[in-house]
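Data first, discussion second: the structure below is written as structure tokens.
The chains carry the letters A, B, C and D, assigned in the order they are written, with residues numbered from 1 in each.
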Amino acid sequence: MLTIDGMKQALRDAQVGIEEQKDTLTDLDRAIGDGDHGINMSRGFDAVSSILDEEYDSLGALSKKVGMTLMSKVGGAAGPLYGSAFVKMATTFGEAKEADFTLLKEALQEGSNSIKARGKSEVGQKTMVDVWDPFLEHVQQGDDYQKQLDELVQKTEDMVATKGRASYFGENSRGTVDPGSLSSSILLAAIMKEVD
Amino acid sequence: MLTIDGMKQALRDAQVGIEEQKDTLTDLDRAIGDGDHGINMSRGFDAVSSILDEEYDSLGALSKKVGMTLMSKVGGAAGPLYGSAFVKMATTFGEAKEADFTLLKEALQEGSNSIKARGKSEVGQKTMVDVWDPFLEHVQQGDDYQKQLDELVQKTEDMVATKGRASYFGENSRGTVDPGSLSSSILLAAIMKEVD
Amino acid sequence: MKKLIGEPSELVSQMVEGMVHAHPEVYGRVDGVNVICRADGAKSGKVGLVSGGGSGHEPAHAGYVGDGMLDAAVCGEVFTSPTPDMVLEGIKAADGGNGVLLIVKNYSGDVMNFELAAELAEGDGIKVDHVVVADDVAISNKEDRRGVAGTVFVHKIAGAAAASGKSLEEVKAIAEKVASHVRSMGMAVEPCYMPVSGKPGFDLNEEEMEIGIGIHGERGVERKPTSDVDQIVDDLLSHLKKEVDPGEVAVMVNGMGGTPLSELYVTYHFVAEKLEAAGYTLKRKYVGNYMTSLEMHGFSITLLPLDEEMTSYLDAPSAALGFKN
Amino acid sequence: MKKLIGEPSELVSQMVEGMVHAHPEVYGRVDGVNVICRADGAKSGKVGLVSGGGSGHEPAHAGYVGDGMLDAAVCGEVFTSPTPDMVLEGIKAADGGNGVLLIVKNYSGDVMNFELAAELAEGDGIKVDHVVVADDVAISNKEDRRGVAGTVFVHKIAGAAAASGKSLEEVKAIAEKVASHVRSMGMAVEPCYMPVSGKPGFDLNEEEMEIGIGIHGERGVERKPTSDVDQIVDDLLSHLKKEVDPGEVAVMVNGMGGTPLSELYVTYHFVAEKLEAAGYTLKRKYVGNYMTSLEMHGFSITLLPLDEEMTSYLDAPSAALGFKN
């Protein structure tokens, strides 16, 4: 069961994870983007962590607040994508105070769809979608989430980007992991850890 | 005796000497000036060498032409200084087709005075004056001109500049030879070589 | 990396404060956000024009705020698209009751954030439309092309159209006409450095340059040995000439921020010579820093085929500090 | 060293050609020399204004040629004073029959070459006078002070006085008033590179900066560890405040050529805050590249105490591309 406190814990863990990997995220983005992904995510999750001390009535209310915060703090491409994912998840969670694996997966799937819709993107374009979409398609309760996520992140390395800034590099975008896929795996791993 | 052809030869030798020392002159000026003295002198003596194929009636006519050429090609501080030195020398040479040691020394002394007048400068300020003035005060026919000039150039190293760009560095101008004193020694040595 | 800044996270707000303090006759600031608007506020009845994006491109975009050009510029973090709530503030500040046009450079982030803001503004009852600029021919796939220096021509021409009293539809139409015809391409010999991370956008050795760079410190599409600017101009023009036919054009030689003006004029000298030899008539010429990438040392060339309408809008008065006319 | 140029020895003439080709409505060129004059020629009856010096300071000095400012700019080789014959051409191009004032920055070379030119011009029957600008407080001995960014205020104010029909004596008097009151000081975190030799003006490691630099790539009078611009501004202002009393001033934050505009505005933000706290009223503010040193990364601060007369001349119209008013 994912409780409100569990979700808060997941977001705190995500913040720590982002902070630890800030330079890696930035370096990956420097290689095939504009070198700000770590900075953007760190600014966003910093802001998220500061809204976690407030009380929330439901997973929906918390998710909505997180989505609005990310939307207004991250900027760049990642901001509206992560932001709208959480806003969409909020709709699925609704008034629920806790979510079982099935509800959580459904909410995340809605989030993933919202990323694809907002980003006009699909699987195979070397973006965060390459983590969200296949992960949620295959994941079962009790799986080794971290391992699955790591593999999906790793798979982006060999892809050629056709969305986002990395697409400017064409063939040269091959050989570097997509930064957004790494930040996505940090976030998803932190959330999945709390549902078991 | 310094003939017209001797003077031409001296100027050609000076051009070669400047070219050889171009980088040194520039580096010295880079250290305590603006790093263009070698470039300026090389541009100027390039232009001088191209007027040497013409015929001249007198040492005066040749010197005047050299002075005007330097004035209009060197630029910076060195241009008007060397330029007016030669223009002034031309007055002393007048219609003469050749000059003995005494006449040459007198002409150069007039040139030196013109540098001091134009530059509002005197001995001891770490400029080309510290070569021209003491050299002409002490030199005797048959001396080791090169040695005397080298010593005078070397003496500027320990001076503190109070004229020209090097003066901006105050005490820090100590420890570097004045670039204009080096170019002056090249020129004066080339001329003196031809009088014997 | 050496930066003349204070606390890096305060860079954009201190810059915005500096701009407004220095030019109170031109600029106002929307309270508490990094949005610069016109000192005299939105002009009632006029279509409002809003642009913006990440900071680090100065004078873009705040330098184009002023009578005859933009009504508001939204200043995101360095090289990071501003967020929808910020853009919304810009829209509100520019709204004179007759609709607002957003001029957006073609980056996923910018497009998404500006679109989200437009949705929010529509919810607030403001009529909003947008035009996307994608002028960078370094990217072969047209849909993916970046918006670069050509955006400034869209600002100027759409700005003059709006100032002349055109409707939102009309201003959008002329903006799209410019956007669909303008073409640019850039290069760099030295990268820029990100203020927060202190890292260069790319690493180049002494003998290399990047052709087809973006304006966010991104590497170019091709790395080559450095050469005379003469040859570099040939290289960039060979791409541009494929898409802009000989005829009357406006040309811009734009500095990337760290390029001396002397080099830009030498560059322009070659650009003009070569274009004229190829049958182009340089009807309007712009040389300077218009859309930069921090201290990047490089330049871009922009060509806009001109007709009467665009020319007269280009020539119309402008009080914007970055494009005084 | 990477330069966006062609043949280094052609740099100045290609730059001048580029300028004139790009802006034929503002600029003319004296045939065969690197002298830029007004497109419409000398104005009959008006006192002519000529400035110049080495190139590499763009927009200085050609950027200040135009109605309301200079009549001619003499463009020497990079960082090398122009020669008397060139300056003479500038004087002739500026002569409207009522005398010509030369605005000279205080360097041995400039002063000598301009003085020689003045002698030649007097020989040709043109009345010539000159004013020497020495605004750089980094040099303690007043006679030796360099002319730096403050020169632009002399151009503007003397230019407006000349445009208003003042006599040579009157224009000289106001130019000297400005020159005697204006004060500047600069710094750099990165040097510039000489186009011909390819060498930097000075070598700095990653943790160092130069305080009290000139505008010719010269080292500063002091080398210090780099710090926040906040502290750098304190440092420069401490020197300037000793010589300019609190009161109404014009302030200029001038970029050295390779400084992003964002950094100049952040710098200005601190300058304004500190000056106002110290009792200065910033009546006029200028932020941008006015007197540069190729691609040097740094800035200078200039203060000019204002009275009514100087203020109104500062505000007078100007068509000069580097100071559009």
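Following the convention adopted for this analysis, contacts are C-beta pairs under 8 Å (C-beta built on N, C-alpha and C of every residue); 3 or more make two chains touch, one makes a residue touch a chain.
Note that the structure is a prediction, hence the values are computed from the model and not measured.
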Shared chain contacts [chain A and chain B, defined touch]: none
Rounded Å distance, chain B centre to chain C centre (Cα mean): 53
Centre-to-centre distance between chain C and chain A (centres being mean Cα positions), rounded to whole Å: 31
Per-residue multi-chain contacts in chain A, two or more chains: none
Junction residues of chain C - those touching two or more other chains: 78
Complete list of chain pairs which touch one another: A-C, B-D, C-D
Chain A-facing residues of chain C, complex: 9, 54, 76-86, 107-109, 112-113, 116, 138-139, 141, 144, 146, 194, 196-197, 199, 201-202, 214, 216-219, 221
Chain D contact footprint on chain B (complex, rising order): 23, 26-27, 30, 33-36, 38-40, 43, 71-81, 84, 118-119, 162-165, 167-170, 172
Chain D-facing residues of chain C, complex: 1-7, 11-12, 14-19, 21-23, 55-56, 58-59, 63, 78, 189-190, 192, 206, 209, 226, 228-230, 232, 257-270, 272, 285-287, 289, 292, 294-295, 297-299, 324
